[in-house]
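Think of it as A, B, C and D in the order they're written, each chain with its own count starting at 1.
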Amino acid sequence: MHLIYQIFVDPFVQMGSAPDLLVQTLWEGLVAGVLYSLIALGFVLIFKASGVFNFAQGIMVVFAALTLVGFYEHGVPAYLALALTIAVMFGLAFAVERLMLRPLVNQPDIILFMATFGLTYFLIGFGELVFGGDPKVMIASQLGLPKGAVEFKMAGGFVSLQKIDIAAAIIASVMVAALAVFFQKTRVGRALRAVADSHKAALSVGISLEYIWVIVWFAAGLVALATGIMWGARSEVSFALEIIALKALPVLILGGFTSIPGAIIGGVIIGVGEKIGEFYWGPLLGSGIETWLAYVIALVFLLFRPQGLFGERIIERI
Amino acid sequence: MFYREVGQYKTNYSADMSVMPLLQDRVGIGIILFIAVVIIPSFGNAFFIQAIMIPFLVFSLAAIGLNLLTGYTGLLSLGTGAFMGVGAYACYKLTTYFPGVNILIWIVASGFFSAAVGVVFGLPSLRIKGFYLAVATLAAQFFLSWCFIRQPWFYNYNASGAIEVPTRTLFGIPITGATASDTARYYVVLGVVVAMTWLASNLVHGRIGRMWMAVRDMDLAAELIGIRLLRTKLLAFAVSSFYCGVAGALLVFQWYGSAEPAVFDVNLSFFILFMVIIGGLGSLTGSYLGAALIFILPIVLRYIPPHLGIPIRPATVDHIQYMIIGALIVLFLIVEPNGLARLWQIGKQKLRVWPFPY
Amino acid sequence: MANAASGADTFSKLLVRNAHLYGARPAMRHKDLGIWQSWTWRQSLDLVRAYAVGLHRLGVKRGETIAIVGANRPKLYWSVMAAQMLGAIPVPVYADAVADELAYVLAHADVRFAAVEDQEQIDKIQSVMQRLPKLEFMVYDEKRGLRDYDHSHLRSMDDVIEEGRKALAGDPAVAEWLDKEIAAGKGADPSIILYTSGTTGTSKGVVLSNERSIHAATDTATFDKLNEKDVALAYLPLAWVGDHYLNYAQGMVSGFCMACPESADTAMQDLREIGPTFYFAPPRTLELLLTRVMIRMEDAGFVKRKLFHYFIDVARRYGERILNGQSVPISGRLLYWLGNILVYGPLKNVLGFSKVRVAYTAGEAIGPDLFNFYRSIGLNLKQLYGQTEAFLYVTAQPDGEIYSDTVGPACPNVDIRIADNGEVQFKSPGMFTGYFKDDAKTAEAMTPDGYVKTGDAGFFDEKTGHLKIIDRAKDVGRLNDGTLFPPKYIENKLKFYPNIREVVALGDQHDFVAVMLNIDLTAVGSWAERNNVVYASYQELAGHPLVYEMIAKHVAEVNRSLAADKIMAGAQIKRFLILHKELDADDGELTRTQKVRRGFIADRYAPLIKALYDGSKEADISTEVTFEDGRKGVISARVKIRDMQTEPPPMERAA
Amino acid sequence: MRAPGGPEVSVGDVLLSVDDVSLSFGGVKAVSNVSFDIHKGEIRAIIGPNGAGKTSMLNIINGFYHPQHGHITFKGKTRTRMQPHEAAYGGIARTFQNVALFRGMTALDNIMAGRSLKMHSNFFWQLLRHGPAMHEEVEHRHRVEEIIDFLKIQEIRRVPVGRLPYGLQKRVELGRALAMEPDLLLLDEPMAGMNLEEKEDMSRFVLDVNDHYGTTIALIEHDMGVVMDLSDRVVVLDHGIKIADGTPNEIKGNQAVIDAYLGVAH
């Protein structure tokens, strides 16, 4: 009886009694969600274009962030460092296509999936070798990202929004918009969508798969960089970040592997749901439930919509 | 070349359908078993038995478990680590509650617990497929490892949060815990692993194996020839998790001796998955080969530089090791996507038709 | 085993004896439904008894003939046994015989019954029914496709056997009656009629008697120490004396197991599975096999290939001597031992020869290289000489006395003499009792003092005392200048080249020797691939200038070897051509045992022969061909003719 | 052993009847108000131009799709929502337009898999591969070998089907269907993409199956020649609507059919 109360009543009472906390939590969730979305976005881009389930997306975030900071630490001016990092990400995309995707073309998905594991390990090793294992501070301010927080009163309490978070939200939305345009308007973008349907189609558009893959991985790299900067600015740059890649997976289930809007909305749902759950229900289950809550949400969701929020409906033919 | 198949003809179906129709193969297995049972314990040093053979066998068993699910039934799972955990903790709890009962029984029994858990988390497999399912299994992974960390009941409220393996005996000889000799533990592991491998090969060579592979190769067609998809998939989940569970129990009770929850995190799942892929999907032999490669490679990499007298900081070794393993995995996938098992087969075929090329 | 055989003077009695001696040992195996179905001697006996009773109920009577048509299948062998048990005379017919030949044999043998393999044979027979007024009833093995056939004169063997079994079970009197029937069989009774595929004209029915067959088989089985533990693969035509002697008769006498392949095309695989200990193959089969081996080795990796050729060379040097138990340097033994592990052993394994204890080849001369190859890798291959009229064996090579160019000394209890005209004549235990319904021909084939004329020309080699066969006596002709001309001798020399499949040598009553030949599509084909010569058909490849070049080289070599031999020097080849089509049994150019039908070819290819001798560079020819499905068609071509240099006979040899 | 479900139907009676069945995918009508029946022991052809809804029809019959309207009566039992495996147990087997074999398995295992629904030995015997489990394996292997012999595919027994040429794959697939000892065999374009010789073989096999096993057959085929030779009765679909039903000869003359094939606008 008491338990029932604890689960189904008490949390909502709390929410009602302290709306400022609720808003605060929602905001936290939203921001976290945005970052999940960004990573998920990286996955979706690659999955759409090459059917590769890119496990390395998470590590690419870390790698990008580390490279950026690394350059800066070696005395490279912040914006130049940024440019260089972008160049590095392109190099990475190029190398991946050359050394990994091309030789593995037409292999079963699971093999490519495994290959991205290999990539992950390689990048971890490489990153630690070059930049060392210890955490670094993101050069947020040097990149002109705002500091501090805006606070405003609300229902007898405070709600404080980190400027950096606001920036994150904005940048994320800008990126999504940009990508949307890229997909809808540009020739490559259209080819890309064609690839998602069938590789032959892409070729008929007259663009080589190799080229498309490089572009896509590069795009994913950029997204990773952005994510890295944001996330790094909020906490710090270290391989601990890798875990957020796994956080992004339930987002994918929710949004569908091939849907960009799905990734965004899924991200927000997961982010918010996670924070709310952790904050209001966590205590009675013992804290730390956010490690799996996201998955359980996604899983339950899956049982009703196997193809995710926006994924194409699967009509089985035979 | 060593194969002499002339005159090895079958006059009845049971002989024709035996798992190893060729005499030479049976002899080969015999030799391997002899080495495992007699040579290694009598000549292998403590390090070899304790730090290489025991874990190798345990991981092989886990790999077989995952292979039954992913390789034979085509269901990708990333929850292996957790299922192993369930086994380990189940065994731990069982032996704390019933110290009297022989530990071997509990090791096997713990398999049933992970089987049950496996079935629960396998339920979604009816509706969802491929990577969606893989991600779903991650739910199991994270939820369970969370339990191991956050629910003190699992580790008897130890301050350390780790589980300590008590000493248990078989015929008066300690086979678990601090006092158990390497050899004793080795024999227990060997016994269990060999027996379960035999059972697994029986399964996959029979009706159930065919049903699993049918589901893997084309589930719609499978359904239309009267195979019930959910049942078949759940059975695969159950059997697979059972194997992983036992492997997990062995891992803690016969190898580590004590374990933090962290042991059974998602990385273990990936580790086992590597073994299966590199070893070869849908091959029991492959599971062993994969386990050998993935488990032993790092050890080798770790011990080579010192022997070559190259002075490197251990941290650096770590990093380089990561890079090499990563690169090797990619390289290997490029060279032989079908895994070591395939190479093994090709080699065997060559020997069979020797001196001819095909 | 000889003594064991004594007492039993008919095959039926032998079968009974075997059921007692080797009751639980396998008598018959058959690759069917994926596994080797097996029957022990006891089971065979029971089955045959039931079958015999069943046949009797259908009206088969003592002394009657019954046709056996089909491939090597247990049920057909049992048909033979069942017939013999009733004192009826089985008449096996080649499964691939075209309706026409089939009609001739069945009519000539006045069969009232036929035991056939399947629908195909039944259709064939029914298509010539009007020529077989005597044929009343057919029993078949394969039910498939016969469901809606009129069964008033048709039964499945299974039913017949089942009926017999019921009868035997139901009434002990039947069993007694059958025992009497078996006892009633006399050694002198004919046991079988084998129709010779006769190199010339239509075939004759060679009648063999129980006791003679058994006597002969006993002698040779003893000679080769065959026993109940041996295994033989019955893959050669069941109607051919070779199969009936080597597998059926010797099997019955020594109680070994006869294994039937799943089908003709799986024979190779089945051979490998069953691993026979007693093996027979005509030279052309061995040749085909060797060619395949060499071709496959061509595709092997460099190292493997080198290894292979090195050790094959080692084998050539020591293998044979080791097999003959002669002295070999220790180093040689060592190398051979190594080679045996690396090459010979595995090779014999993939070919299915690992367990072969005794292997025979016969039918035509075998190339020394070919013969020595198999012996050198440790296959105890031997030659025998014989013919249907002798129930196969006349001479055979005993272990340890093996020469590629002889056929060995007379078999035990065989008496051989050479007539003045060089013809080989013999008296043997197994010799036939006469041609069926043809005393004239029988008389013709025998000498007044009871020797059989083989029709082969030959002589005893002084050195070895073994018999050497050059050619058919009547085929040995003379060129216009009087030089001796044994066509076979020349043809064989050419045929020993893997590239040459078939040869017809001409020269009798001509000024010089000329040959027409077939290239071997397998060998030349792969040669063409390696030298990227493109071709669409046999005809195109045969006409290719490069191919002519290659063949010309072979012919030149043959001329050289002919020149080396004084009497043959005059018979060198002056001109040759490559035929535009492969000689084929379906067109009547070859016999069913793949021997060349000279007379027939002479008029069929008259235009070419004319061209060969009138010096023209090429000639047109069009020939009618029969396709597998029996349809006929015509192919015509322009065939090139090639002139050859001849070598002068080396004087010092002459001296 | 006959499949369970429904009383035995004797030759000539209605084995299966399709009553007023309609199926649509999100607005697109695949089949609308189609009715026809299949008699025990006959060979029934379903023909029609591309997109006529033939394959959908088969998918409905063996429960892979569920019609929104109308129902199927099989062996006297009427079902609207039948699961595929139920259909299989009921005695309906099926081959597919583009071969749906288990590519990773040998021809033998594929056909053995076809007998799964007839094998019942429990899990623990399976584990030991002994006793009942092994007896069962042997017994069914024997049945399967008979099919292999019947289809003349002995030499490819142990070849993974993925490596087989198309024609042989089709044959193996037929074998797998036969292994189920079905009362009703659905063949979806059994001769698609075959050369003349292969077509003749396949036609032979289809007739033999019908004759030898007495199996009722419903087949979709484009090659009119084949249809006319093989089938006892033909039903013609066009744009999901039944436009004709009758013996081959009746169909030949039918104006609607001719129009449909000449693509006269509707």
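A few notes on this one:
Everything below uses one rule, namely that a residue touches a chain if its C-beta (ideal position, glycine included) is under 8 Å from a C-beta of that chain, and two chains touch if they have at least 3 such contacts.
What you see is a predicted model, and the numbers here were worked out from it, not measured in a lab.
Per-pair counts of C-beta contacts peak for the chains A-B.
Among the remaining chains, C is positioned farthest from chain B, on the basis of C-alpha centroids. Each chain gets one centre point, the mean of its Cα atoms, and the points for chain A and chain D are 48 Å apart. In whole angstrom, the spacing between the mean C-alpha positions of chain A and chain C is 78.
Chain centres here are Cα averages; for chain B and chain D they lie 41 Å apart.
The multi-chain contact residues of chain C, meaning those touching 2 or more other chains, are 34-35. Within chain A, the positions touching two or more other chains are listed as 318. Within chain D, residues 64, 96, 100, 141-142 each touch two or more of the remaining chains. Interface residues of chain C, counted against chain B in their complex, comprise 29, 34-38, 272-275, 293, 296-297, 299-301, 304, 307-308, 341-343, 345-350, 352-355. Listed in rising order, the residues of chain A touching chain B in the complex are 53, 99-100, 103-104, 107-111, 113-115, 117-126, 128-129, 133, 246, 249-250, 252-253, 257, 285-289, 291-292, 295-296, 298-299, 302-303, 306, 308, 316, 318.
Contacts from chain D toward chain C in the complex involve residues 141-142, 145-146, 148-150, 154-155, 157, 208, 211-212. Residues of chain D touching chain B in their complex: 62, 64, 84-85, 87-89, 93-94, 96, 100-105, 109, 112-114, 116-117, 119, 121, 123, 126-129, 133-134, 136-138, 141-142, 176-177, 180. By the touch criterion given at the top, residues 70, 76, 124, 127-132, 134-136, 138-139, 142-143, 145-146, 149-151, 220-221, 224, 266, 270, 273-274, 277, 281, 315-316, 318-330, 333-334, 337 of chain B touch chain A in their complex.
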